[in-house]
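Two complexes follow with chain A in common, the first pairing it with chain B and the second with chain C.
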Partner chain A sequence: MLMVAPAFLHALIWIGIPVIAAFVLSFTNYDVLTQPRFTGIQNYVDALTDPVFRRGMVNTLVYAFFTVPVAMGIALLIALMLDTQLRARALFRTAVFIPQVTATIAVALVWLWIYDPRNGLLNAVLGFFGIPAQNWLSSTTWAMPSVIVVGIWQGIGLKMLIYLAALQSLPKDVYEAASVDGASKTRQFFSITLPLLKPATFFVFVTSVISAFQAFDLIYILTDGGPANTTTMMTYEIYKSAFREFRVGYACAQSIILFVFLLLLTLANRRLNGGDSGRH
Partner chain B sequence: MEFSRRSFLTAMGLGTAAAVAGCATTSPSGSSAADPTGPVEGDITFLCALFEGATGKDTLEGKLLKQFNEKYPDVNVTVDYTDYGSLNEKITTGLASGLMPDVVTLGVGWIPPFAFKNAIAPLPESLATRYTYEERVLEPSRFDGKLYALPMVLDTRIVAYRKDFFEEAGIKDTPKNWDELREIAKQLTVKEGDKVTRVGFDPFSIDLRQCWETFLFGNSGELFSADGREVLFDSPEGVASLQLFLDMMADGSADFALTTEAGQPTTLQQGTSAIMMTNNSLYVQLEQQSPELIDKIGTFVLGNTDPAMLQGGTMVSQSATSKNPAAARALVEFLGSPDPVLVASEQRGSVPAISDLKDSEYVQGNPMVAFALENLGKARSEGGTPAWMEIREKIKPTLETAIVGQQTAQQAIDQLAGIANDAIARL
Partner chain C sequence: MAGIDLTATSPRTSLDVVGRSPASRRRLSRAALYVALSVIAVVMVVPFVWMVLTSLKTPADIAASPPTFLPTEWAWGNYADALAAAPFLTYARNSLVIAVSHTTINLLVASMAGYALARLRFRGSELVFLGFVAALMIPTYTKIIPEFLIVRFMPLFGGNDILGQGGTGWLDTWWALIVPGAVTPFAVFLFRQFYLDLPVELEEAARLDGVSELGIWARIMTPLVKPAFITVGLLTFESSWNNFLWPLLVTRTDSMRVIQVGLSVFRTENDTQWAFLMAGTTLATLPMVVLFLLGQKYFVRGFANAGIK
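== the complex of A and B ==
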């Protein structure tokens, strides 16, 4: 136990205490200006009946629903392509991974220009093919898909890297045996590769879902949650409640709701994966 | 060493108690106003949303604070720079961690919430009369009849228009009411096929909240009652102010998608609008980006029943919990004096809050600032309720629901009134 004490203390100070403090404060009207007063479950009632926060919950689910599986699929595809004798594959790996390590503000600023309705790259390309220009970030129809596309693009790098590492650790003899038995490449992929990638997939899925539920900076820069709250997320509403509206107690309740969301999703995924992520 | 379940729970409980107690002890609630009597000395912090960038830092620390220290050599000022967008976060985290700056810049509308919760200290009324202020300018600095802040720079929302487009269309006068605005905007709108290449009026390149408030005040509407406890914007005037934008969009003379980001050449500069709501800092932008347009752009104050110009700005206030209140007070008084006010205004292209500065070289050389100063009598400000910090965040997204057609103007205003009433009820 002594050996884990440093890690335990670190987790206690930086995770345990803040989580418990947030839980306690979620039952108060704490506003950083005055003493917190106990308000029972009022913050939870307010959050769950607030149409904007509920909109944020739906938007977060939609964002996660599209970014996680799509990005995972693309990442796996790219990892498979890069797990070959492809020439200049190191260059491609770097190129795919760069968005992951680039500051989100830089990424978002580039995408702001791409989506600019008048002078942006996307409308210019579409115009070349005779497709009418769209207001990507100020339209209630296009704003969320536009944000999702950036989320997918930015998230592919890390997923690809994890899949690539997992692919490179798969036992070669299994494939050799399958080839001897006459299994096609497609059959090998679905019958060997995918099942053996299950632990990696579980890890990528859980971390991707958590990351998607924590989407904040892209929204902050690209749309400010708009137009008309169509791209607001749970994290963005938490930020606004705490830092712009001084409703810290309420923001804590919203954070606990987000925590419960993530916990349930992780448990559900664990159950779907057979309750054990560590064994093949 | 072993961690039993009991010791774990005890540690967590103590930690939580410490966290909650830490929050509580840092709260200024119930504290009396910081006593400014005593020696002007000690270390103080200044959270500054002005004097941006390296130039601003050089000006503040290399020039202004040296002047201050000549008078008060025993005061050591540490400046924490921020931008206006992050000011809220800085204050929140400062308050939560017990590190509320001794002197802080605040925005218009922020005084009632902070004063109501005893986070800032009242200032002597004599500071309101030592220089000449337009009375409207001091209104946002007051709460409950007391002065809590000194205005430094003002940012007014005015209407700017392209004189050359007016001339081409044979329009001689600027609109005097909304009916005229609609007609002129329709006349100035240019289409190529179905595509609008120039809108007659661009109300959307400034914050929708501030734009709507300008029109609300120009239609003789009010945001809140004098005591800040009653919502008044859900009046026919408030609904009509929002409806005007919808009508102009239906006319094809305004377009929600046709906006420009801060810092980019405006729609007026690009020639994609003929009239736009803007900020007085447009002049600096014109000098830097489109000097050839300076003579082609004019300004006016619009109203329907009552010409009104929205006045925002940055004020300087003293923390109620300062450990060196005399030093903090001295810095507030210094920052609210003509030299710092003029320098800060000049750096941002803002309007100096002190009317005496109207004859300064800076004001005389910036027609939009001079125009705003001349019209300060028509200035109106947002805020006016202790619940403002919460309400202000909800205005833009709620109004947008009407702009994008999710609900009518009446429904959006009713929804906003409900949110505002709930926030006021929580006080």
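== the complex of A and C ==
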């Protein structure tokens, strides 16, 4: 059909072919200047045994743990607080959501300034409470938590918004019946609200995992993967291999590993969430 | 929630002999709720306030340790100076051109495709739809390296021969900045959802009247899904304006840089000029915040729809 053709061709050229090319190149040694040379699974072996890339995988998982399940819990809590007859609800919702629509680069630059060890806002506020100043982004202890805080801060709005929309579409009569039967608020939450939120949870989880695994801009501005690789991510290693070291085949293998990670997490979540409850 | 309404309307009963009435307890918990939400709202908003305040501080205020919250002297001139220090307006113009192009192309191409996939049966339509769903799942980083290679080796562009050798292809051109990201599978998917909800009768009546398929799409169905256009348009514009890695990879010269890349370059080249950097960041952030406040309803609907369905 002609009407799908432009979109289909576009997807074929800029998504279909690149994915296949990435897969093929991942089995080669390629530096852009000379012809690719077939090397079998060597790139995968190299990637999985490279301590820095392994560090990147661990860091990505840690970052994803805090910016997905943990942040989802916080987001649900905020959504529950907003799902009441508050007069200022729209105002709160807007406040929480604004970081989501601002560019990660802009957000990262602002936080870079907030974390500034000498003149930053954070040390000033903590100093007011008598807490000693820290070199947030250049400390091997604090760099990762500092990055995670920004990740949660920026992503929480979207998660909250989807939960709030889902909460507001829940059938009211179920709760009335449960109240009449004497079910407590906590009981109602765990046996009615949470199960009914499954589709929303699935959607939030999948989209958040995808964006958590692709965190790049934050790292690029805040830490450049340092100090001592404590904040490097899979994406950052892919970028470094391909565009700083020109090891294109190797970078493609790393990018396929990232893809497999995401695929497994999505499938596992679908399984856990019970069959096709998350189908759109 | 219904439960809250029940306690609110029920008269005081003997169960409340313990002390506080439900009404006052409710007022108390409501106050606690407001306090908690206000703290959260402050945490969410303060970085933006700090950004704007920093952009209006003098070098002396910036260097103060501990910093003062408000500028001791409002340096409105920072904005003019920042624009003189780096071509932020050129960056912003480039970003605008790209974002408008992406939005226009995506709305046109994706809505056509979404309509065809929702409404028309043709050979392989199921397969094409599955293809788009699969494309949704592909992480940026799995396709970005070959995308870069395609752009770099684009035949007959930028001094390249027919085999794509010898020159720089699409690098540092509008082509590279606009074409690869112009149509998103997400938009196709979202449009399909919206077109699916329309009644079949309309379409059939038009077909009986001899209106062409293209005409049905353009004149009959599309006016009915205006909210979809606003939603997809806003989301496309936002992600295009905020995009960083792709423009970073494909641009070399200052005149082709987009605002996000320009900011990051300005930061590395002028390490300590926080006031100017925050002025630039404010300029980069403002359009999105204004757009969001104006189209909040559609942003919310776009995200929420995808989440519930």
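Here is the rule we go by: the second predicted complex is superposed on the first by the 263 of 280 C-alpha atoms of A that agree within 3 Å, B and C clash if a C-alpha of one lies under 4 Å from a C-alpha of the other, contacts with A are read in each partner's own complex, and residues count from 1 in each chain.
Just so it is clear, contacts are C-beta pairs under 8 Å (C-beta built on N, C-alpha and C of every residue); 3 or more make two chains touch, one makes a residue touch a chain.
What you are looking at is a predicted structure, and each value in this text was computed from that prediction instead of being measured.
Enquirer: So if we stack both complexes on chain A, do chain B and chain C clash, or do they fit?
Expert: Verdict on chain A: clash between chain B and chain C.
Enquirer: Quick one: classify A:62 as touching chain B (first), chain C (second), both or neither.
Expert: A:62 contacts neither chain B nor chain C.
Enquirer: Check whether chain B or chain C contacts more residues of chain A in the superposed model.
Expert: C
Enquirer: For A:32, is the partner it touches chain B (first), chain C (second), both, or none of the two (neither)?
Expert: After superposing on A, A:32 lies in contact with both chain B and chain C.
Enquirer: Figure out whether A:126 sits in contact with chain B (first) or chain C (second), or with both, or with neither.
Expert: It touches nothing on chain B or chain C.
Enquirer: Looking at the overlay, does A:265 come into contact with chain B only (first), chain C only (second), both, or neither?
Expert: neither
Enquirer: With both complexes overlaid on chain A, does A:78 touch chain B (first), chain C (second), both or neither?
Expert: Only chain C; A:78 stays clear of chain B.
Enquirer: Using the superposition on chain A described above, determine whether A:242 touches chain B (first), chain C (second), both, or neither.
Expert: both
Enquirer: Between chain B (first) and chain C (second), which, if any, makes contact with A:196: first, second, both or neither?
Expert: Neither partner.
Enquirer: Which holds for A:114: it touches chain B only (first), chain C only (second), both, or neither?
Expert: It touches chain C, and chain B stays clear.
Enquirer: Which holds for A:52: it touches chain B only (first), chain C only (second), both, or neither?
Expert: A:52 contacts chain B only, not chain C.
Enquirer: When you line up both complexes on chain A, which piece of chain B, out of 7-15, 97-105 or 115-123, runs into chain C?
Expert: The listed stretch with clashing C-alpha atoms is 97-105.
Enquirer: Taking the contacts chain A makes with chain B in one complex and with chain C in the other, which residues are shared?
Expert: Residues 1, 8, 13, 16-18, 21, 25, 32, 112, 118, 242-243, 248, which sit in both footprints.
Enquirer: Using the touch rule from the top, collect the residues of chain A that touch chain C in their complex.
Expert: Chain A reaches chain C through residues 1, 3-4, 6-8, 10-11, 13-19, 21-22, 25, 32, 78, 81-86, 88, 91-92, 94-99, 101-107, 109-114, 116, 118-121, 123-124, 127-128, 153, 157-158, 161-162, 165-166, 169, 172-173, 175-176, 179, 185, 188, 199-200, 203-204, 210, 213-214, 216-217, 220-221, 234-235, 238-239, 242-243, 248, 251-252, 255-256, 258-259, 262-263, 266, 280.
Enquirer: Over in the complex, which chain C residues touch chain A? Could you list them?
Expert: Against chain A, the touching part of chain C is residues 1-4, 6, 33-34, 36-37, 40-41, 43-48, 50-51, 54, 62-67, 109-110, 112-113, 115-117, 120, 122, 125, 128, 131-132, 135, 137-150, 152, 179-183, 185, 188-189, 193, 213-214, 217, 238, 241-242, 244-245, 249, 259-260, 263-264, 267, 274, 277-278, 281, 284-285, 288-289, 291-293, 296, 299-300, 303-304, 306-309.
Enquirer: Residues of chain B touching chain A in their complex?
Expert: Within the complex, chain B contacts chain A at residues 1-3, 11-12, 15-16, 18-20, 23-24, 26-30, 88-89, 92-93, 95-96, 113-114, 117-119, 256-259, 261, 270, 272, 389-390, 393-394, 396-397, 400-401, 403-404, 406, 426.
Enquirer: In the complex of these two chains, what residues of chain A are touching chain B?
Expert: Touch list, chain A to chain B: 1-2, 5, 8, 12-13, 16-18, 20-21, 24-25, 29-36, 52, 112, 117-118, 135, 138-140, 225-230, 232, 240, 242-248.
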